[in-house]
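Here subunit A shows up in two complexes: once beside subunit B, once beside subunit C.
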Partner chain A sequence: MKTNSLASRGGWMKKRHIDRFFLTACLIPAIILITIVVLIPVLQAVQISLMDYKFISKQAPAWNNFGNYKTLFRSGDFTVYLKNTSIYIFFAVSISFGLALFLSLLLNSKIKGRNVMRGMIFMSWTIPSVVNALLWTWLFQPQYGVLNYIFNTFGWLANENQTWVQHPQLAMVTIIIAAVWAQTPYMMVMLLAGLQSVSSELVEAAKIDGAGRFNILRYVQIPSIRPVIDTAVLISVMTNSQMYTVIYNMTQGGPMNKTTTFSIAAYQEAFTGYNLGLGAATGVVWLIIIGLIVFLYKTYSERKISGYL
Partner chain B sequence: MAALMVFVIACGGGDNTGKSNTGNPPASSGGSASGTASPSKEPEQVTLKFMNWGSVEAATKPGYEAMVAAFEKKYPHIKIENVGVPFNQMLDQILVQHSAGSSPDVMILHGTWTSAMNAAGALQPLDELIPADVQSDFYPNLIGNLKYDDELVGLPWTPAPSTLYYNKELLKQAGITELPTSFKEVREMAKQIAALGKTDTGNTIYGFGLSSQRLFNSGFYFIPYIWEQGGDLTNEAGEVTLDTPEVVKAFEATKQLFTDKVTPVGADIKELRNLFAQGQLGFYVDIDAYGILLDLSPKKTAFANDFGMMRLPDDNAFYLEYVLGMSSQTKHQEEAALFLEFMSGAEAMTAYNNNGGNRTPARESSAAIDYYQKPENAHMQFYIEAIQNARPLPVRNPGFVKAMEEVAEAIQRVGINNEEPAKVVKELQAKVNAIYTQ
Partner chain C sequence: MNAKAILPKASTYAVLSVFIVIFLFPIYWMAVSSFRDNSELMALPPKFSPIGGSFQNYIKLFHMSEFMTYFKNSVLVASSTVLLTILVAILAGYALSRFDFRYKSLLMTALISIQIFPTTVIIISLFTFYRDLGMLNTYRGLILADTVNALPFSIWLIKSFYDTVPRSLDEAAYIDGCGRFRTLWTIITPLILPGLLAIGVYAFLGSWDDFIFSMTIMKEEAMKTLPIGLAQSFMGEYVYDYSGMMTMSMVASLPVVILFIFLQKYMVAGLTAGAVKG
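Up next, the complex of A and B:
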């Protein structure tokens, strides 16, 4: 027996090592790729952010004693970028989530033509960002745009050539609309997949107990798909924090910096101001902020999920 | 962004910046400066990388291909690798490639980029590479502006004068019988035109088109209005001179255009062209847009009867040129010089214009080609004459492009956000000064 026990333990240990080796071997390519494509560029960007590095200077880049960070924080632009980025992310993510949840609930129910509707709703996600930006720029065009034409037909506009994309108060709204239109389908698909995995027995049990649709949604479905919601929201936050194409092609960060987010500011400092160091510093600061947000969100949501379990 | 920065650092050449020295003496590869190989030696096969945006735009692609083909036919030992990059990415790409030590041999630049490229040490001086008789063939006001520290850093190419376009029909409807002689008169006439209200199809009529999107070209289109008032972006010493009563007046006049609803709000130059081509705009300033306007108009070539062109009042016109540049990193200076000389010459301009180019020459000898003498191209004679009397934009400082974005923002603050011009101008002075002195 002892001999058999020793042999079985030895066999189990060998198998464990093999499994561990196999897992490591599977992970190594991904780790190498992430190191080359993500980690090294980020470290290089941090290095550049600490240097006086300008395209239009013949001087070699040199350490500038955090000069780029001092410039960023002292100029007052940092608070503008933070405010614009926060507003954009908050509304783009929350509106996308609300719409996506509504659509996913709708498509999860037994309605006619839901497969066709799924396909049609998902089409906007397949359109390239640049095309999306140009499309919405033309829809919002003051003289020829379809939206002004429709609004004028109903007599809703005091100024029939209402500006949208170039209006200081409305420019951010137009960008959020363009972003929500493009991103909602992806979030919808994730939430729909989650809803479809909710046990029908739970829903039936809730119905038997007299729960209405809203209570079933609130106390059964949403808690069941909480991990999916967290992932979808996190992806949306990270996607929108990097948003450059839509904003640059619609407003170029204007008018009057009303839509200049960190990503736009970083590009402008580097390639319009030719100051690669300051552009990198802007990007690094934003990286730290978004990293903190993601960390805090994950910590909070993991505690919440473990509270459900 | 991070990956782009890695490319800049990682692909550097011998030194840690990847930048090479400027002002390398002309390489000697045998033959005279005009590139004719000595009879006893077969010229070496060379490939030049030519970067430009014209090759990716449908309207200009045939013209660029025709020029390259004509050059390769004339110089069979030189092959051109034609690299098209979208205009919006062109400057970024060149600067990044220069930093990485892999700059194209020859390139076409926008005239507003030359100072930045020169400051980066990216351009090879051409004084000893381009023959003196070729240099003197360029219009003097064009080539003079491409000298930095007495070194010629590029050749002017297809310059265009800023021109005042006017809609004859709208002027007639507004009862205007004489053309304006000053911008003040333009603004007064524009008010009369805007009072017409709407076109027959119910679209709003605007009196004057001012580019007011946050783009650098909105900034430089505004420069003549500063000149009109007697002001300027900088003085002769290069110091920023925006905080002056003259510039405040320019912004006050601009603000009035928005207050009176004479100009469309937030339009860029492309939208202004569209509005003008649709017959909704009385006056606007553009460069050589004749062919573009005919293409945009529903009337096509018949629209040529509906509008006219005139020089900007008080000779406050600027010219905008493209620049033929040679990289300071090229290993084929003589061949590259041959290409630059060819591109500005009569053969290339003939090939370009016969394939849809429709651009003006920078050299006197090129102005004599048949294309410009045809009756249907009479508008080109107007442009050629106007170029010779136009002023260069104040592009000498590398921060010019960013400064023009700030000017565009100032226009928005005054016109769209209704801020006080004096306050805006003061802040603009500080911003542009910070850009110019960094």
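Up next, the complex of A and C:
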């Protein structure tokens, strides 16, 4: 048994009690904060979603028998939101992952100034999201934006003043680009760290066996960093499923709801449409979907995702 | 060194340089635009060089009292978020590192799954909850929200840092008569300063960047933070004030970019610890 100094000093407070008190004291602040900001609001959101809760209505909010959910599904809005959200998440995650992997492989080779270069690419991650949105809106400005100017110089545009952010089909492209620009560095840094911790003995052994660069990548490096890949992709999916700021400040979910994801829809219905009940219902549906995705991902992911998630 | 060894290297540098230019160009463009006024920006061809620009826009910006209010609020909220996050994370992280108890793994899973909850789900009822508690338009309301935003990652990271400190140190201090809290505060925690810096930076970035909590909680002009101020300043008739927009964007980005330049090491260490063990 370990020495129990206070008990051995004959104290009336046993070590056990102090430990219990200490443990609770340590955990209580976090638990309280999380309860206030997450637990109670989520439970309330479920409650609100089941009620007819509008900002301006004079009556007290009343139980509405899943009315909000019915509205959401029957109006076809659910399908629109699902489509937009899926497209956005799929492309944002896959493009930033592909790009991040590519860049991290380049940085992983024997080059000088790796940290400086990594830092320069990483800067875009630190830029505040609002700035990101406004900046890309300016870059894509139809008449005076520098991107259109560059594209026109190459003669790539049929329409000289091509609209991007306000264009029904292209709006989605612009928000994905803005998201990829900001998120790729983060993934790149994680993947790079993973690549640098791949056992050099394994790589050497593969080289001795005559494996070319591509096969080394495929059979040694990628499998070795599988946990990092899984974590990075999961974080990216979660980040993009939450995405609000960039989309709101670039397209406001438009034009014509073409870029309205679940996140945007929930907020809009609650605070612009003044229908808290419907907004909450949209949010709850989204919560269930994302919860399912994460659950399935973790269950069927064979490799152990790193301890973080 | 034969040609075969040099060539791959040269092309690697070349490709990397292309991407560095692509990633940095928007930031460069933001800077260049902030040195020009709208008459120059709304003219083609665009001027790619900063030469010939002026600091006019910046002078105008710092005379704008609303801007100073937004900036002050952001600094206040972000700094407080950092302090509160570090405090709460140290306590929780240490407890999770040192103790095993019945619902521990449930607690840890719950902690991590908080991040799955879409913010828009939370914000709708957080709004009504805060309203009923009288916490709308208060600093503490926003600070609480931003702190909780940073907690899951912060607690996890701090715990993993504490895990690297051998328990024998705790025991030794305890045997010497040092109380639990004192041990934590004066002996163990100083050993994980890099971890504290990492979560400090992380919490600051998250709070500085926050848009949705601030937009929903702070409705009064005097309480709004920079991201909100930035977004609303360039709406309506001001939507074409690109030079003003870029100038304010530059100033809004500067603190976090500077933070990043000086504390890059800790930031990266913190982030990669999330993905790679050891």
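The working rule: the second predicted complex is superposed on the first by the 265 of 309 C-alpha atoms of A that agree within 3 Å, B and C clash if a C-alpha of one lies under 4 Å from a C-alpha of the other, contacts with A are read in each partner's own complex, and residues count from 1 in each chain.
One rule holds in what follows: contacts are C-beta pairs under 8 Å (C-beta built on N, C-alpha and C of every residue); 3 or more make two chains touch, one makes a residue touch a chain.
What you are looking at is a predicted structure, and each value in this text was computed from that prediction instead of being measured.
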item	value
More subunit A residues in contact [subunit B versus subunit C]	C
Touched partner set for A:E204, first subunit B, second subunit C, both or neither	neither
Touched partner set for A:F271, first subunit B, second subunit C, both or neither	both
Touching partner for A:T251 - first (subunit B), second (subunit C), both, neither	first
Touching partner for A:P142 - first (subunit B), second (subunit C), both, neither	first
Contacts of A:M120 with subunit B and subunit C, given as first, second, both or neither	second
First (subunit B), second (subunit C), both or neither touched by A:M190	second
Contacts of A:F262 with subunit B and subunit C, given as first, second, both or neither	second
Which superposed partner A:E160 touches (first subunit B, second subunit C, both, neither)	first
Residues of subunit A that lie at the interface with subunit B and also at the interface with subunit C	37, 40-42, 44-45, 47-48, 141, 143-144, 263, 266-267, 270-271, 276, 279-280, 283
Partner subunit C, residues of subunit A touching it in the complex	2-3, 5, 18-19, 22-23, 25-27, 29-30, 33-34, 36-38, 40-42, 44-45, 47-48, 103, 106-107, 109-111, 117-124, 126-131, 134-136, 138-139, 141, 143-144, 146, 149, 181, 184-186, 189-190, 193-194, 197, 227-228, 231-232, 235, 238, 241-242, 244-245, 248-249, 262-264, 266-267, 270-271, 276, 279-280, 283-284, 286-287, 290-291, 294, 306-309
Complex interface listing, subunit C residues touching subunit A	8-9, 12-13, 15-16, 19-20, 23-24, 26-27, 29-30, 33, 41-46, 87-89, 91-92, 94-96, 99, 101, 107, 111-129, 144-145, 147-148, 151, 153, 155-156, 160, 171, 174-175, 177, 180-181, 205, 208-209, 211-212, 216, 226-227, 230-231, 234, 242, 245-246, 249, 252-253, 256-257, 259-261, 264, 268, 271-272, 274-278
Residue numbers on subunit A that touch subunit B, as the complex places them	37, 40-42, 44-45, 47-48, 54-58, 60-61, 141-144, 160-161, 163, 165-168, 251-257, 263, 266-267, 270-276, 279-280, 283
Touching residues on subunit B, where the partner in the complex is subunit A	1-3, 5-6, 8-10, 15-17, 19, 22, 91-92, 95, 99, 116, 119-121, 203-204, 212-216, 264-267, 271, 274-275, 280, 398-399, 401-402, 405, 408-409, 412-413, 416-417, 435, 438
